[in-house]
Amino acid sequence: MSHGTNKADKIKEISGVNPLKCMKCGKCSATCPAFDEMDIKPHQFVSYVLNDDIEALANSKSLWKCLSCFACIERCPRDVKPGKLIDAARQIVIREKGADYLKADEIPALLDEDLPQQLLVSAFRRYRR
Amino acid sequence: MSMNNEFRPKIVAFCCNWCSYAGADLAGSSRLQYPADVKIIRVPCSCRVNPMFILRAFEKGADGVIMCGCHPGDCHYSTGNYYARRRMTLLFSMLEYLGIENGRTRVEWVSAAEGVKFSTTMNEFVDKIRSLGENVRLGDLRCKD
Amino acid sequence: MQRLIDRAKELLADGTVVRVLGWKKGDLGFNPEPAYFETAEALDSDFIYDGFCGANLSKYMIEASKKDGKTLVFLKPCDTYSFNQLIKEHRVDREKAYIIGVGCKGKLDIEKIKAMGVKGILSVEGASMDSECETLTVKTLYGDKEVSYNEAMLERCHVCKGKEHQIADEVMLESRDTKDAERFAEVEKIEAMSPLEKFEFFKKELSKCIRCNACRNVCPACSCRKCVFDSTKFDEATKANVDSFEEKMFHIIRAFHVAGRCTDCGECSRVCPQGIPLHLFNRKFIKDIDTFYGEFQAGEDTETKGPLTNFTFDDVEPSIVTERG
Amino acid sequence: MQRIGVFVCHCGSNIAATVDVKKVVEIISQEPGVAHCEDYQYMCSEAGQAKILEAVKEKNLSGIVVCSCSPRMHEGTFRKAAERAGLNPYMVEIANIREHCSWIHKDMEEATEKAVILARAAIAKVNLNAPLYPGESRVTKRALVIGGGIAGIQTALDIADAGYEVDIVEKTPSIGGRMSQLDKTFPTLDCSACILTPKMVEAAAHEKITIYTYSEVDKVTGFVGDFTVDIRKKARSIDMDKCTGCGVCQEKCPSKKTPSEFNRGLNTRSAIYTPFAQAIPNVPVIDREACIKFKTGKCGLCEKVCQAGAINYEQTDEIVTEKYGAIVVATGFDTIKLDNYDEYAYNQSPDVITSLELERVMNAAGPTKGHLERLSDGKHPEHIVFVQCVGSRCNDNRGKSYCSKICCMYTAKHAMLIRDKYPDVKVTVFYIDVRTPGKNFDEFYRRAVEEYGVNYIKGQVGKVAPQSDGSLLVQASDLLDNKQIKLKADMVVLATAIEPDPSVRRIATMLTASIDTNNFLTESHAKLRPVESPTAGIFLSGVCQGPKDIPETVAQAGAAAVKAIGLLAKDKLLTNPCTAKSDELLCNGCSVCANVCPYGAISYEVVQVNDHGIREDRRVARVNNALCQGCGACTVACPSGAMDLQGFSNRQIIAEVDAICR
Amino acid sequence: MYKINKENLSALFSLIAEANELYVPVSINGAVNFAAWDEDVQVDLDTLKTVKSPKDAFFPQSETLYSCKRNGKKLSITPEELSSKDFVVFGMKACDVKGLAVLDKVFLVDPVDSYYKARREHGIIVSLACSQPEEACFCNVFGIDASSPEGDVQVYMIGDELFWNAVTQKGEKLTEQVKSLLADTDEAKVEEEKASIKAIVERLPYSNLSLDGWGEDAVLLDKFNSPIWEELYKPCLACGTCTFVCPTCQCYDIKDYNTGNGVQRYRCWDSCMYSDFTMMAHGNNRTSQMQRYRQRFMHKLVYYPQNNDGMYSCVGCGRCVDKCPTGLNIVKVIKAFEKGGNK
């Protein structure tokens, strides 16, 4: 799993999350509305990042099943925010595929106040296809 | 390090005995590095720090002076740091008013448990002083030679 | 003025007071001096109260409080703040003072008249309390000159704290509203400068300092028996500025020691032989105190805790200085 | 000029590995005033101290600098050594070249240079040191215990048994505290009341113990050995001497709608009430906010029915001022508020309760008379879910970062008791970790699983949703099965985090005892002085210092008592000689120093002074050495420099500054 | 006699400064004092009196005497080098120049003050006649002629021109250095100016001040014990303004400054008005402000003249009259004694 180091760091950087803070309580998974459809469960995101196994994460179904509802972020008692991790993993995948239709720094100009964050995330997904 | 011509600031840190000095001790026992430019003077409480001490340090060649005390509310003497806070706020404001670079002085509240904060603060402060360079606006030329 | 003399004579005669602290005519018509009077004759011949009587007499009450009997003291509205502050600090004895709050129409600065290019002044007319206080006629060796009263006023009168006496046993003579400038305007002007400009500004001003200590010795708040700059307690005793640092040290500490106690009476700037605007130091502290800890006027009363002997749990942090730029 | 001896410690390799000790000695030997300089492996050792003794004798030293570890570590050691050598102990200064130098630097040249400078600063200071002599202060042989829970009761009993007077101040109407609210205790399942009540009675009956219930500490002045405390006895509206505790008033009281504090608001009480049947003292109080008489002026029923004539509506708060030598804080805990935890539906459903509420539900004297029933409809539950770590171990700003320590065990206790009494009830416990360090603790937990069939699931509950049929839908994860599960429960019990009683902040401020960010009182040393506050004369008992269970609390209570007894056993205390001192010739008498003194140690008197030939009466400041704690606030407030601090004088600090900046 | 147009003053200064250090009256934010000249300073020759007298060109407010350096336990001492470069003080007034004569009698008699002596030797005085004397001036009372100041070169500012008259050898030498800028002229205009100055001096308010009862013939103890001092001193703030602006006050203190690695021993002006003036281990021999106040004027008007053949150590410049924060001054003292029968 030597491939992962840079990517794991990248994920940490993008998400601003320190996965070491996780105490493995599983509240994220307990909360997740898309739990059943996921192959890698929210609480496992953290371990995958910790174990540098970004490849598996990138190839997982979960990446695209996450609704970005932020319930896990809201409920996490340790400020670990698995939702942000998965979001970051998604960004990495998109960037790698070179299908990055929008550059990150172009986005702020396109935002308006009423635009829900979720929409933006799903937009990323949609444009990838 | 002293072989090259890198600027080595003189920095005086006043630390209260109960919190910040102990915090510095903890930084030490935790082996948290910060530059040797910082020299600590132990005072019983931040309220013992007379503005004249701070000016004196600059007079004699200090490039930066930092004062550390217990967090507000945690003073061993219950109220000392509140007085210190007002005194230093006014003093620093006056120094800034006189055109002295305002990063040369700093107050930070560091508890006995905050060894990390102590070393982070000192690293930051030394960086700041290094970026400001030698103190030329507030010092006695006679002490320079 | 005659009313003041008459009242003083009455109080001397009925034994209320044993001496009068007021101003004595100078020999040039514009250089009166603070003086004690113990007889009616002395009052009749020498007492004066006009636009040149700028001296704040409250500090003289420290010595007068040690004397037997009561002293009648004339205090202008701004002087009464100093007197209150001295009471608060147990430096004067209220019981030893009979205070006549005397009106004020703005005090004159002979240096300002000279700075207008008026030379060889023999006398100044229009400075008395009875006059309209609009124009001064200055008789000089080189002819008569007319000068606007307001333009010849001390800086402090342009930012006058008001006509009210904060403490007095009785009040005599009308005051005039002389405030026509913002108290903190000069401070704000400096605050708006770049650090280097600030530094150069004060360097220039302080380079004039000759450490005569007039600012300190005239100050009613600087009433220490022995100043730290005269004692060995801090190893900072100096007599002359040898290095520019010493001017800064002296003036910062002078202002710091009176911070929260300074009533902004302006005596320091009035007496400086080199015309250094020393009030800019004190007023900076006053402005900061007002901003950080709420408005505070030293000497408004004799009880309130001073801002440096007080605190709140959520006072601003010293980093405010850096944060506000 | 002093003759100074400088001793540079290697501290094994702790210092010597980074600081070139020999070079320090070489440079420092050349400093003016240094009459002796040497290095040694371990200065704090017997042999090291012997070197000091020898050098003082041989070189006639008058001051000593030890370059070693932090003065917080060995200043006392070296002061004692100096004393043995015939010097005043305050002629010693420490240059901290370990914590502040060798341990934080890697470059040897840099660290050596710094060590030299630190040594010079200490030399500069010791040059200006003067012998200081501690004064003596008396010890009032009486202790105050703040808080009348099990911690306070035990501490008071232990101190009283040693023969010293103790007062307990308890803010509620009865002593007993949280323990009196518990039903059974782990791991033995004793009835809480059965073991607590005798202690309460013993305390009440003890001739050395005075109990102030329904009272609060109003003001604390003084210092170790000599505290003066104002205790506010809140108006009880009952004459304690007359009341027989018959309880008729409580029965007859028409105002019965106030939520019972004792039963955690699960039922109500009357306006005149004792919190529980075994209350000590068994004297009710009138809750003036609930009392009709106080609200409207009408009623007065209790006065009419009281045969003892004990009701007194006119009673006012009374201040008792008492002196103490030692104060023990035993203010205990409360559970945190769950307002920010919407996901557990605590505020939405009466069937979601905290564990402490469950204690009351399980208790025979509780709101359900000990029957396990849903509080919403009184139905017998079929399935109870316990949720662990509610608000504990939370890094967000909703809960507490620490582990509340007792929850794992009491949850096992609850689960076991329920399964024992109602085998038909299904019990599920959601846990993150089960923590059972303690004698017989893990065995206890295992019994719950193995013998009582409690279903433990590793995973946190994400959501509790009240359903229209009155049940609760619990959504959780099962981390071991890697499944998300949804369970239907009838009751949910939340193992809510505990926090120090909110009153402790005010008390800590009054005592000048330090407190951490979680409001737990700080101990003087986490390992070596765990029951002492850094503030001398203040001791810590029970949960106010940190989460702990009953046996630990009782043990700590005993330890705090012993520390207090150790203090009370002394007749005199030596005071810190590093106190402020006013130079009367420079003093202006302006009072600014007194205005900032937190101890009221400065007073003024008019004295005749001879100021270089001028004799006059002056108002000057006087420092009471017994009160002064040496903070130095006054020295900076004093503009003339008349006020100075012995041991940290202006000139000493300036000398250090000069030495460092040179 | 030479002259130069005022427009060329800057060139003149520049030329003088080539070979000498040059001190001129400089205005800083309204206060005029002697200071080293350079092209950026604001020279002010119109203000009659500088705040401080120019005495510190010869006797600086503070000067280092020697330095000690420490190396381990060894000390090395380096005396300060004596002034060795010629310097010109341009624009001293008659009273200021006379002030130096007063200092000379203190510093140049045995034991000679070598620091002062060196400066006197290297100092060249270009004195400026007072075209517009002011109300506080009374130099004539001490026999000083404001229209004809002493010095190495006398200059007069008349209209657009500056008239230059070398008086001494030093003056001649300086004239040679700047001759390229000077034009020959006669003395007619200067004589006219002198007469005009004298006429003004006669009209000065203090011109008739009487020194009867002071000086060499004063009855010292009568003056010393006079009750008048008690009345005079009371407003005195004990500041040092009068002594620091005075051209004749010569008292100094010697102090050490710790530079961290050694000591600089320096002397600085002291003021007899200060409570720690002549402070000794036992205390102070003048314990009250009255005594200190009396000392200053007794020294100027009695002790000094009696020790120096009747020469007063006051030159009537009137700076104390102008600058005392509470309106006290030597004139008031003289007048008070006159009123009190000179006792």
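All chains are identified by letter, namely A, B, C, D and E, in their written order; residue positions are counted from 1 within each chain.
In the analysis below, a contact is a pair of C-beta atoms (placed from the backbone, for glycine too) under 8 Å apart; a residue touches a chain by one contact, two chains touch by 3 or more.
All figures in this text were calculated on a predicted structure; none of them were measured in a lab.
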Using the contact definition stated above, find the chains touching both chain B and chain C. D, E
Intersection of the contact lists for chain D and chain E: B, C
Have a look at C-D versus C-E and report the one with more C-beta pairs in contact. C-E
Specify the chain with the shortest distance from its C-alpha centroid to the centroid of every protein C-alpha atom present. B
From the centre of chain E, which other chain's Cα mean sits the farthest off? A
So, in whole Å, the Cα centroid of chain A is separated from that of chain C by 69
Can you compute the centre-to-centre distance for chain A and chain D, using the mean CA position of each chain? Integer Å is fine. 43
For the pair chain A and chain E, the C-alpha centroid-to-centroid distance in angstrom is 84
Find every residue in chain C that makes contact with two or more other chains and list them. 226, 228, 234-235, 242, 308-309
Got the chain D residues that touch at least 2 other chains? 596, 637, 650, 654, 658, 661-662
Numbers and ranges of chain E residues touching at least 2 other chains: 257-258, 260
Provide the full list of chain pairs in touch. A-D, B-C, B-D, B-E, C-D, C-E, D-E
Chain B-touching residues of chain D, taken from the complex the two chains share: 70-73, 96, 98-101, 103-107, 109-111, 113-114, 117-118, 121, 509, 512, 514-516, 534-535, 578, 596, 598, 629-633, 635-637, 645, 648, 650, 653-654, 656-658, 660-662
Residues of chain B touching chain E in the complex: 60-61, 140, 142-143, 145
Interface residues, chain D side, partner chain E - complex: 30-32, 612-614, 658, 661-662
In the complex, the residues of chain B that touch chain C are 50-52, 55-56, 58-59, 72-73, 79, 82-83, 85-103, 105-107, 137-142
Quick one: which bits of chain C touch chain D in the complex? Just the residue numbers, please. 66, 89-91, 223-228, 231-235, 257-258, 305-306, 308-309
